[in-house]
Amino acid sequence: MTADSSRHGSGPSTAERSSAGRPVADVADVPPHSAEFLATVAARELAGRHRVFAGVGLPTLAVDLAKRTVNPGVELVYESGVVGAHPEAMAEGIADSVLVSGSEAMLSMDALFGYVLQGGYVDVGFLGAAQVDRVGNINTSVIGDWRRPEVRLPGSGGASDIMASAREIVVVLRRHDPHALPADVDFCTSPSPVRARRQEGFHQPEGAGVTTVITPLGILRRPDRYGELELAAVHPGVTVAEAAENTGWDLRVRADVAETPRPRAEDVRLLREEIDTVRLYLR
Amino acid sequence: MTGSKVTTLTEAVAAHVRDGMTVALEGFGHLIPFAAGHEIIRQRRRDLTMCRMTPDILTDQLLVAGCVSRLVASFFASGSAGSLYEIRRRVEQHDPAPLETEEYSHYGMYCRYEAGAKRLPFQPLLSYVGSDLPALNPRIRSVESPYGEGRVYVVPPLNPDVTIVHAQRADASGNTQLWGITGAQAPAAYAASAVIVTVEEIVAPEVVRADPNRTLIPAHAVDAVVEVPGGAHPSYAQGCYDRDSAFYREWTPISRDREAALAWIDEWIHGTADHAGYLAKLGQQRWDGLRVAPAPSGSVSYGRRKE
Amino acid sequence: MTGSKVTTLTEAVAAHVRDGMTVALEGFGHLIPFAAGHEIIRQRRRDLTMCRMTPDILTDQLLVAGCVSRLVASFFASGSAGSLYEIRRRVEQHDPAPLETEEYSHYGMYCRYEAGAKRLPFQPLLSYVGSDLPALNPRIRSVESPYGEGRVYVVPPLNPDVTIVHAQRADASGNTQLWGITGAQAPAAYAASAVIVTVEEIVAPEVVRADPNRTLIPAHAVDAVVEVPGGAHPSYAQGCYDRDSAFYREWTPISRDREAALAWIDEWIHGTADHAGYLAKLGQQRWDGLRVAPAPSGSVSYGRRKE
Amino acid sequence: MTADSSRHGSGPSTAERSSAGRPVADVADVPPHSAEFLATVAARELAGRHRVFAGVGLPTLAVDLAKRTVNPGVELVYESGVVGAHPEAMAEGIADSVLVSGSEAMLSMDALFGYVLQGGYVDVGFLGAAQVDRVGNINTSVIGDWRRPEVRLPGSGGASDIMASAREIVVVLRRHDPHALPADVDFCTSPSPVRARRQEGFHQPEGAGVTTVITPLGILRRPDRYGELELAAVHPGVTVAEAAENTGWDLRVRADVAETPRPRAEDVRLLREEIDTVRLYLR
């Protein structure tokens, strides 16, 4: 499963103490580190995309919101084999029965990973991560040494398969600090094309790797297949300096760095009143 | 879910099948896309590389009509009904011209589609050790197992320009459901750059979505959907109509005589405007003889979460 | 068709699961064979190598109970519900003992079952180029494509001593039908030396034979068939009952405290004679809350040849 | 398809002018070269076998007869994906709809060839052939040179896959002469383990290869995996010398060479009145 594996500490992070439960009177009370804010930013990334491979957690909220706002035709694909999901309720995981009932196709895992994913049908792979580094390598395996790690993370699941073959990867991080965004990952579960290229003589994967990282502070983007992550936007109230200081490498800032537009009241209302009514991800 | 891809067979073939292309028309004895093949003949396509595990009468007809210059296949006869004489004339006597063939076993051919669909550089299989087939087909190669069990034969991906399949039903966006013998249709579709699906019936999305496990080719892999009832004749569509075994027997003497075969193509394909015309010429009585009695699968439940 | 293989779970596990074996319990979020796993705990099997793409709570429980010494898997958490703390304690603190793990991506693990089922020496896939995974797992190797596209990673076959799966239904001889998410069940079954199938319902052969395309594991691959209604709890069976999400949330604090987890095993597994006892302890009210409303697939026809 | 591809000439062979249509008053009027005789002999080979992979033609008759006589529990598997067929009428080919309706499983071709066949579940593969040679190599591809053959035969179909992985292969030939039983095949479509072994360094297939060849004159058997075909039985009215003379190599005769028992009247009745009522294979 391509779980939202960003929480590798114990106890809730600041990002988890969100504004859920309050009325949507003023969207200014939706802070940039909240699930509502991040999901809305992530949803916007799906505008114009045909097919999205969605993981658990924030990606679930984001694809649902995108389908109700910027991209009603987006096709939701899950590693469990579901293609063209039309869930009647919010999915609690990528193998939830609500994703299956009423879906357009329920494929074998071989067809899903082999035909759909390796076959190049996935436009955006939506992943969580514990760490993303400068060139977009992802770590979802361990913090510390693999033999006896400080934290045993969930591992690859489908992530390294998705990284190799989805056209591009969007990552949502629940924290923005040098641990989550180091210069180099502790362990590379899912490699950037930059790292894949170093393995000379190997058939190179088709995927462009991580193109976008959405964090509680801003949006990082890689300009091309072999480039490095740059600061493309900061969230309202966040300074460029703040984003740079909290990144584990000397973060390049785009000349056209922008401020992320706030969620609309309707986005927040949909998330709270129609999508995550049980407050599974909005806490 | 995408928009409607429903079109006519004339338009689908005109849009997606061009001279010189590599074309897969799959269906293993069942759901052979005859109507689509006949439309290729009507549109007088030339120089096609035809891919079919079991060429069947359809390939014999496309050869007679001059559409095919190359054949990639794993069986060169017609099931129980014997030789395909146009293929034999081309191969044995180069009459009217030689036919380039590329030959596999069934599983070898299937694995080529699998590798094509999965964008794998090769797929291993256990066949061919000691066989003469690799010697005459340089595409069958071998790889040393890195786990120490010796060499194993592999086949390369097969990626058709266009794959055409026939199925019992699809919705307008192309979610395609088939049952009975499912052959190489799904990997052949995923391996191709373009996919045409002809179906017995275009159904509402709700029908498809009530039983998603029956969808073997999702809409995202499909470019054109055409409703062509009877589109597999003289092969069959499980639950819809049976194989026209008499037709298979009748083809043998036709195929044996090139002039008779050409005359058949002129009369039955060029002499009919489309598949509806072909079926009308075949006649209602013959069609009635192919009908099958219902044998319901029964219904299972997928369940809905209660509020 | 063979004779009846119907037995009890107690007998099936006693007959087929022995200490030190490599055991696959598959089911991808859906149809997880919890009842069978609990019976392994009851029978106090030791030193098992556990194979599961997604270990899930079931593996955490088998670890707590001391049944498992080695884990072959592709995900080490519990879907949406967070960490499996027994796994983490074993790996991070070697408490109470280290756990040997062998790690793949999902598709790598799936391809191992595929190669196992097909007796292939290896199966290529497009993953791992540039990843650290091959460095820590010497079973992930690479092969040079004989068609000139460079090297590609491969995984070796995985052939469990016994594979256990849960399904919606089977007939007494073991023809097994499942729908919804079908996971790695079919290749994991074919890859194994012995196969136990637990089902929500044993049905008449006629029910299975009315819809043969739904049979994913034929009788010839099955050694024991056991009717275990609710056998996937707290996971789910599409169309029968839903996932007990509350249980998944409740497991997190239990799993975090080793003593609590041991107490849970004692109370719920050793404290119940079998799965019926476990369900009785769970209570009718909780079960009623997991019921789903019907959502019929609809019926298709397979057809019968007329006389 | 594993067709009965033994007829590579044009026009019916002597074997095809059988006794079909006559009453079953006296089974002595069922000659050894008839379809009834050969199918009955072949059916007896299936006694005690669990799972048979049946091709088109005589194998169809033989498996049906075996199921009604010596082996009611035999499981019929077809390369089209049918497992556990229970046909309500005689199948005209391995992709006939009657094999599908009411079958126990309808597998994908990948599962059929990969899991069932390569997985070692097939006890007997039932093949036709144009030629079988001394060590059991099978030719179903060409007579003469492959580039411009005298006769273009059907090719492998599933035969070379079946040869590699079925535990053993039974071949039924419709003719017994040095063309059909040469010392060496013109072209080896489906290799004997003897030939496979010569390809050093290759992962050797599990199958034992051809163990039995049933011809209009008798039954040939290979004593072991790397042995050669020997005369094990002659049909009534056929001499050992006649069988040897019509074989393309110096045919070894078993010390215990026997006379093939005639079909029982019931066998012939079943074939004519219940199995092939339309006289598709019985001609």
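The letters A, B, C and D name the chains in turn, as written, and every chain counts its residues from 1.
The rule is simple: a contact is a pair of C-beta atoms (placed from the backbone, for glycine too) under 8 Å apart; a residue touches a chain by one contact, two chains touch by 3 or more.
A quick note: this is a predicted structure, and the numbers were derived from the prediction, not measured.
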- Item | Chain whose mean Cα position lies farthest from chain A | D
- Message: How many angstrom lie between the centres of chain C and chain D, each centre taken as the mean Cα position?
- Response: 40
- Message: Based only on mean CA positions, could you tell me how far chain B sits from chain D in angstrom?
- Response: 28
- Note on the structure: Expressed in whole Å, how far the mean CA point of chain B lies from that of chain C is 36
- For chain D, residues contacting two or more additional chains: 82, 97, 100-102, 106, 110, 114, 118, 165, 203, 206
- Among the residues of chain C, which are close enough to touch at least two other chains? 114, 118-121, 125-126, 142, 144-145, 149-150, 152, 179-180, 182, 186-187, 210, 213, 238, 242, 292, 295, 302-305
- Query: Touch graph across the chains, line, ring, star, complete or other?
  - Reply: other
- In contact (per the touch rule at the top): chain pairs: A-B, A-C, B-C, B-D, C-D
- Task: Would you mind writing out the residues of chain C in touch with chain A in their complex?
- Result: 28-30, 54, 73-77, 79-82, 87-88, 91-92, 94, 103-108, 110, 114, 125-133, 136, 142, 144-145, 149-152, 179-184, 186-187, 236, 238, 242-243, 245, 292, 295
- Task: Show which residues of chain B lie in contact with chain A when the two form their complex.
- Result: 1-2, 114, 117-121, 171, 173, 175, 186-187, 190, 205, 208-210, 212-213, 215-216, 218-221, 302-305
- Contacting residues of chain C [partner chain B, same complex]: 118-126, 141-147, 149-150, 152, 154, 156, 168, 179-180, 182, 207, 210-211, 213-214, 238-240, 242, 291-306
- Task: Report the residues of chain D in contact with chain C in the complex, numbered from low to high.
- Result: 50-51, 73, 75, 82-84, 86, 88-89, 97-98, 100-107, 111, 114-116, 118-121, 165, 203, 206
- Task: Show which residues of chain D lie in contact with chain B when the two form their complex.
- Result: 1, 3, 5, 7, 56-57, 79-82, 92-97, 100-102, 106, 108-110, 113-114, 117-118, 137, 141, 146, 148-161, 164-165, 187-193, 195-199, 201-206, 280
